[in-house]
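Order of writing sets the chain letters: A, B, C, D, E, F, G and H. Residues in each chain are counted from 1.
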Amino acid sequence: MKSKRILVKGVEAIALGALAGGCNCYFGYPITPQNEIPELMSVELPKRGGVFLQAESETSAINMVLGASAVGARAMTSSSSPGISLMSEGFSYLIALELPCVIVNVMRGGPGLGGIEASQGDYFQAVKAPGHGDGKFLVLAPYSCNEAYELTAKAFELAEKYRNPVMILSDAILGQMKEPLTLKSPKIKTLEKDDWILSGAKDRPGRVIKSLFLDSAELAERNLKLKQKYQKMEVEIKFERLAEGSEELIIVAFGSMARICKEAVFNLRARGYPVGFFRPITLFPFPRKALCELAESHQKRKKFLVVELNCGQMVEDVASALCGKGDILSLAYPPSVLPFPEDIEREIIKCLNLSTSLNV
Amino acid sequence: MKSKRILVKGVEAIALGALAGGCNCYFGYPITPQNEIPELMSVELPKRGGVFLQAESETSAINMVLGASAVGARAMTSSSSPGISLMSEGFSYLIALELPCVIVNVMRGGPGLGGIEASQGDYFQAVKAPGHGDGKFLVLAPYSCNEAYELTAKAFELAEKYRNPVMILSDAILGQMKEPLTLKSPKIKTLEKDDWILSGAKDRPGRVIKSLFLDSAELAERNLKLKQKYQKMEVEIKFERLAEGSEELIIVAFGSMARICKEAVFNLRARGYPVGFFRPITLFPFPRKALCELAESHQKRKKFLVVELNCGQMVEDVASALCGKGDILSLAYPPSVLPFPEDIEREIIKCLNLSTSLNV
Amino acid sequence: MKIKILEERCKGCGLCIEFCPKRALVLSDRRNLLGYKVVGWNSPEKCNQCGICYLMCPEVVFVREEDFEE
Amino acid sequence: MKIKILEERCKGCGLCIEFCPKRALVLSDRRNLLGYKVVGWNSPEKCNQCGICYLMCPEVVFVREEDFEE
Amino acid sequence: MRFEIILSGFGGQGILFAGNLLALAGMYQGYQVSFLPVYGPEMRGGTCHCTVIISDREISSPLVKEPGYLIVLNLPSFFKFIPRLRSGGLAIVNSDLVERRETEEFHNLTMDKEILWLPLSSLAEQAGSPLALNMCAIGAFNGLLKLFSEKIFKKALREMLGKDKAHLFEVNRRAYLKGKSAIKNLKESI
Amino acid sequence: MRFEIILSGFGGQGILFAGNLLALAGMYQGYQVSFLPVYGPEMRGGTCHCTVIISDREISSPLVKEPGYLIVLNLPSFFKFIPRLRSGGLAIVNSDLVERRETEEFHNLTMDKEILWLPLSSLAEQAGSPLALNMCAIGAFNGLLKLFSEKIFKKALREMLGKDKAHLFEVNRRAYLKGKSAIKNLKESI
Amino acid sequence: MSKPFDFPKCLKRNTFHYCPGCHHGIVHRLICEVIDELNLKDKTIGLASIGCSCFLYFYIDVDILEAPHGRACSVATGIKRMRPDLFVFTYQGDGDFSAIGLGDSIHAASRGEKITAIMINNTVYGMTGGQVSPTTLLYQKTTTTPLGRDPQREGYPLKVAEILATFEAVAFCARSAVNNPKRVKETKNYLKKAFKAQLENKGFSYVEILSSCPVNWRMDAVSANYHVDKLTEVYPLGIFKELPPKK
Amino acid sequence: MSKPFDFPKCLKRNTFHYCPGCHHGIVHRLICEVIDELNLKDKTIGLASIGCSCFLYFYIDVDILEAPHGRACSVATGIKRMRPDLFVFTYQGDGDFSAIGLGDSIHAASRGEKITAIMINNTVYGMTGGQVSPTTLLYQKTTTTPLGRDPQREGYPLKVAEILATFEAVAFCARSAVNNPKRVKETKNYLKKAFKAQLENKGFSYVEILSSCPVNWRMDAVSANYHVDKLTEVYPLGIFKELPPKK
């Protein structure tokens, strides 16, 4: 039997992926461009015995997620840039309390109210500082409806595996464009949680989930534990590489921007240009090693052109990963004027002809 | 006449610095370890015809600052890690609206509720992602009461100069320790603001301060403008360098941690160890060039040991600044167990003996 | 006073027509640049300048002609 | 029933003494490990076990002796 | 094979519906498709457009700089998108709302480009639903390019209308056919 | 010249006040000083401590691993901080709350270290204020080290008390003097 | 006194971006009339909030600041505290004022900030596509309550005016509508009273205006206009609190 | 029925960290008594909030989750929605519930979440050193109102119980104190009623308890205890709303 193909927006693919991943409760607050997620969830979850509730704000939404997660729910929220900022404190608590959940950010232009078109301006916020303190999300960046569906479903498993929030970092292009989605039931594991969730202290002492450690040694220990967890997460690193190693220049891009770049790379490769393509799918942990290997895969020193829909953020991670092993070039499009593949092609050719590397 | 010397906590020095810098209004919400700031302001500001108001939350505090700034006030708020997270959305708006103000973060242990002892865990949040979108703060990191006083006073001038929020990034050690402060009246310029503040549309059309740019080209333009502003800020870069260039190893640290490290460096240099010291005072813009120059100042490749009271954050900026021009070593103490100078000395000696560089 | 109808502002919502006590107004067949069918006079002679259309119009379409002379 | 005073819990706040209708309690000169002067019996014979000290004590100092036998 | 189409018009003219339908029909016909709307509050009253790609290969970028096809339902769209039409490209233009002018500027704008002038508003009114001019446009477009079959069109339209608007099926289909035959007439007349 | 002192005791014993006063007097005497309290809700009822450095050179680190001096007002503090006292260092210990024991463990703890046993609580009561044992400790400490003059002490104490608590000046000063003379007696007795 | 057919002086001539029949436009005009009549243009700061009315500054020719979603009352507080001589009003939707902003709104009212808050209550989040709001009627269908607002799930309509009226520091508090000529006049009257309460430094003033949202109610403009009468059954109109003039 | 001198079963034997005379301890004990009496330990989730009572879990032996400052009612909502079979209560200070958390608190009440919120109203931010709170009395000195709460600057005391009682979805709403034996018993009675309202699925239930904070009131424990009577002049005690039993 052929699996069903439907035409959906990226945000709908995310919502459907969540349902496929076993999501049984959603709390959120409306914001463009992701309202299709709560709207779909408000129809589907109650049908399946799940919970849908529109909170009175993003702040309360993330705290409802926190509560639901602590009693074992596969909880989720979604928002877009300003709403994500309002959740920062909650994010930090979720990380500290080691509560699994899935958070979707369909990025829009910022800062401030900004615009409602696409942006990748929240990259740093997602991978470096979702909230105060050292905590991190596992961050997944889909670039197509199919990937959005699959990664979101998988996100629920990963969240439980690491007892850590997982963020789906998407943007308004992927969010609002429609393309065919192949619906299949992904195999998503559900983890045993009886040993830590709150369920009433029946036949056992009361259980506590807390992040307050006034004893500084205890707090340091908790931080070390989290740090080790992030290191373990490295087995989840995912990326797409379209390069044999002999290329002179590698485009690095994620999400929607990677689609535009990929088209440019295809076109140029067809015309014989020595250009490769590298797309991080996990943004945290970042595929540092894979990038390094690519940089070292041939004798010749390569250029890495990092293309983003922001003022230049991921380029710092690429620079830090390569640590001098390649020339880093930044092509940052501030939101929300999108380049076309032709524009990228032109820039690539320019860079290929460049003799020195830009200092980013 | 000798200027007056008083014994104050770092947080009091910050409050006094604010007053010296012309701060005329304060909005904030209590949180340990910085309550001395609002408490002092609640006494002093009304005396001077200024405004003090305790808001009902950090979210409302930062928005009161936003309003006051828009009508030309020298406005300020202060908080500590969880409270700072709650201000993220407001931060992004302030940046986008190009409103000057001063924000103090006396960092405490995180993530979550964490602890109330010192931490440098909000470094990334401060320098990479104060809120959604690409906006940045100018970030100053004092390491003594005198510096806290002077930098805070200066912060008001810088905020107006760039029409951008300035953050004083401190921590609970500097915040709570007392040391002598030399009170002098720093020369702080006040900028003419009549051409942009809201003051009633008398004899002119109504003025608008907004961050919404639905036209994506306009939004991109605004982002470019901000980016250029950040580049201009580079003239404000400040650092302390205690190295002749011939050193084998340079300690890089900021804030309170730099004090502990400096003592270790003094001790080791006295004993003839080839050790130097580099302390960024502006964390954004980061003294990238100064670090590079130091790295290149002698033939021999140097080691840079980045010491922080977190799980390793500034080390990424050091790595990205040096881009392979030195070996980067990270010594990250997760909050809040503080090392003593002796501990740092031991680590330095270990690193000096190390032949290969750690991969951070 | 002469009432002017600023057709380019009109969105054809019909509120003025609904509330005009004299049934002096009607939705015309004309479309403005925004693509809306605009309001027009049904029987201008019936109008007593009561101002109700001004009160109810969300688009401030009804104005004093002297204020809007080209 | 015998009332036991858990001295280590007491913080010497005096609420029990204030409310004891029989004036059976008094602040003693003993300090506990936390450094607080603790409550003690003034005239235990007057106590009618009314339970008011239990109700008012913020530290749950007054307990049934049988429940707290060492 | 790859068709890149931009559809543009007023907010109320059913641009997104039409674009979406086009993509859906393309998918049912077995193609790779993508549909990228422009959306948001500025739509109210203003212009609105969307990009549809129909291809037999993987579609990477959903963005198209110079589309091969345009469907233009009002005047502002004409001036906004005709310049982006690929040279040699084809535009279906609603002649009821876009006036052909004999100026030089106008000439330069359309040079190298094929413009099909169709009175889409009138056709829709003839079909019994002034609101269905978007379907007339789709009918004309498919009449021209024959991207999908009649059956597929009906399937896609039914899907798009859903239960709530199923009663609008007939009038939309009529409009579609109106557009289709208008193209046929036009082509025969050339 | 550099003195590193840790003061420690119960929350209510005025540890922070004493440490602060010490630093203030040091500053008035012309030294570089730093005062680092440990604070927060865990103080309530628990132990509390602070670190004071008085030096004639710039003070970088306000943290001290192995202080040269200790002022210990209760038992938990004794076991917590004596191990950190530098060998050869000196501790002033409140003998009213810390019992000298003749165990081997106790011996090992204090080996190489000089312990001055003073009945600080009793001395404070003798001075007329059981709460002022912190001042007794400061008196003893300064009696021993003569870091600052009597005049400076009074200036610092007045400053610390402020307007609100000015009436407590005399009793605190008495306690200070009590501690000072106790040291004198002790030293004479040795 | 401005008269019918006077295009208000401080109303800019831009065409509104609102949907046909949306009441936002009527309220904009009324505000401009009152600003004109009280001669306030020179000293007014308006707070645009986040919702369909976020472009307030395209229409009202006074100094205007954009406040983050729900924070207009806090932003206004910051302004008024620093510049008590200015006249400050906020223009907010029900979502902005009473959902995400409820804390900010109530605290500003309870502190008695000398500002005027105007809440356009159309029972939905207009701008984002008609989701449920705290003020949505029972059983009303919205895009996130597809089966209607269920009191067991979303609770009961929040009556903001009734809450604010209980605060000592609130000087004026009223609810009105603009779905017939009499109510339009009454609304203007309330706005004037609210503005004056601020000018006389009496305390916080508040006017809630029941408004139609034809698009998200899925109604034509005229039906939506009449539907506002339904709202008045749940949200009674009138003055809930009015402090006497100061002596 | 637990009796005097019974050490409650679900009260852990740790000594409280509260200051001498602080009423938090009395309320902790009462909650444990009621949990014991209603046999709820097996199915209770408590929400510790941020304030002096943040260590709730050191004392009450049920499952406890730490909620961010002010968010306990939202966190409780998440829990209860997923597990309606559990019993969920929050324990919050006046700062937590009525300052930063006011929006979360009111919305949870207005939605009729089937949870019980307990607010310890000591009129100050105890944990952070006694700053002004929305419930601080007029002219009361605090560390951020050094000259006393001025109604022109900080507004008037916020009466939370009075607000919540007006909501349809609130099933039980009362205010009490624990500064004399009668009131201690009454408080226990209210707590029991509130818990039962939740168990019977009637709606949101709320008990506000006026409490002393000797340290921040700068009083000895006994004076502070009596000072609570002063609070009752502004915050009257009693049941403000009680829904009849469900049929």
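In this text, a contact is a pair of C-beta atoms (placed from the backbone, for glycine too) under 8 Å apart; a residue touches a chain by one contact, two chains touch by 3 or more.
Owing to the predicted nature of the structure, the values given are computational and were not obtained by experimental measurement.
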Chains adjacent to chain C and to chain F under the stated definition are none
Interface with more contacting C-beta pairs, comparing B-H to A-H: A-H
Centroid distance [mean C-alpha coordinates] between chain G and chain A, Å: 38
For chain C and chain D, what's the span in angstrom between their mean Cα positions? 85
Rounded to the nearest Å, the gap between Cα centres of chain D and chain G is 59
So the centre of each chain is just the mean of its C-alpha atoms; given that, what is the distance between chain D and chain E in Å? 87
Indicate the residues of chain D shared as contacts by at least two other chains. 11, 34, 36
On chain E, where are the residues touching two or more other chains? 40-42, 45
Multi-partner residues of chain B (each touching 2 or more other chains): 32, 53, 56-57, 59, 82, 89, 93, 97, 112-113, 116-117, 210-212, 214, 338
Would you mind writing out the residues of chain A in touch with chain E in their complex? 5, 7, 32-33, 116-117, 173, 176-180, 256, 259-260, 262-264, 266, 338, 340-343
Footprint of chain H on chain B - complex, ascending: 29-32, 35, 38-39, 42-43, 52-54, 56-58, 82, 112-113
Touch list for chain E against partner chain A, complex: 20, 23-24, 27, 32-41, 59-65
Once bound in the complex, which stretches of chain B touch chain A? 59, 81-82, 84-86, 88-89, 91-93, 95-97, 107, 109-117, 119, 121-122, 124-125, 128-129, 131-135, 210-217, 219-220, 223-224, 226-227, 310-311, 313, 316, 319-320, 323-325, 328, 333-338
Spell out the part of chain F that touches chain D in their complex, as residue ranges. 10-13, 45-46, 74
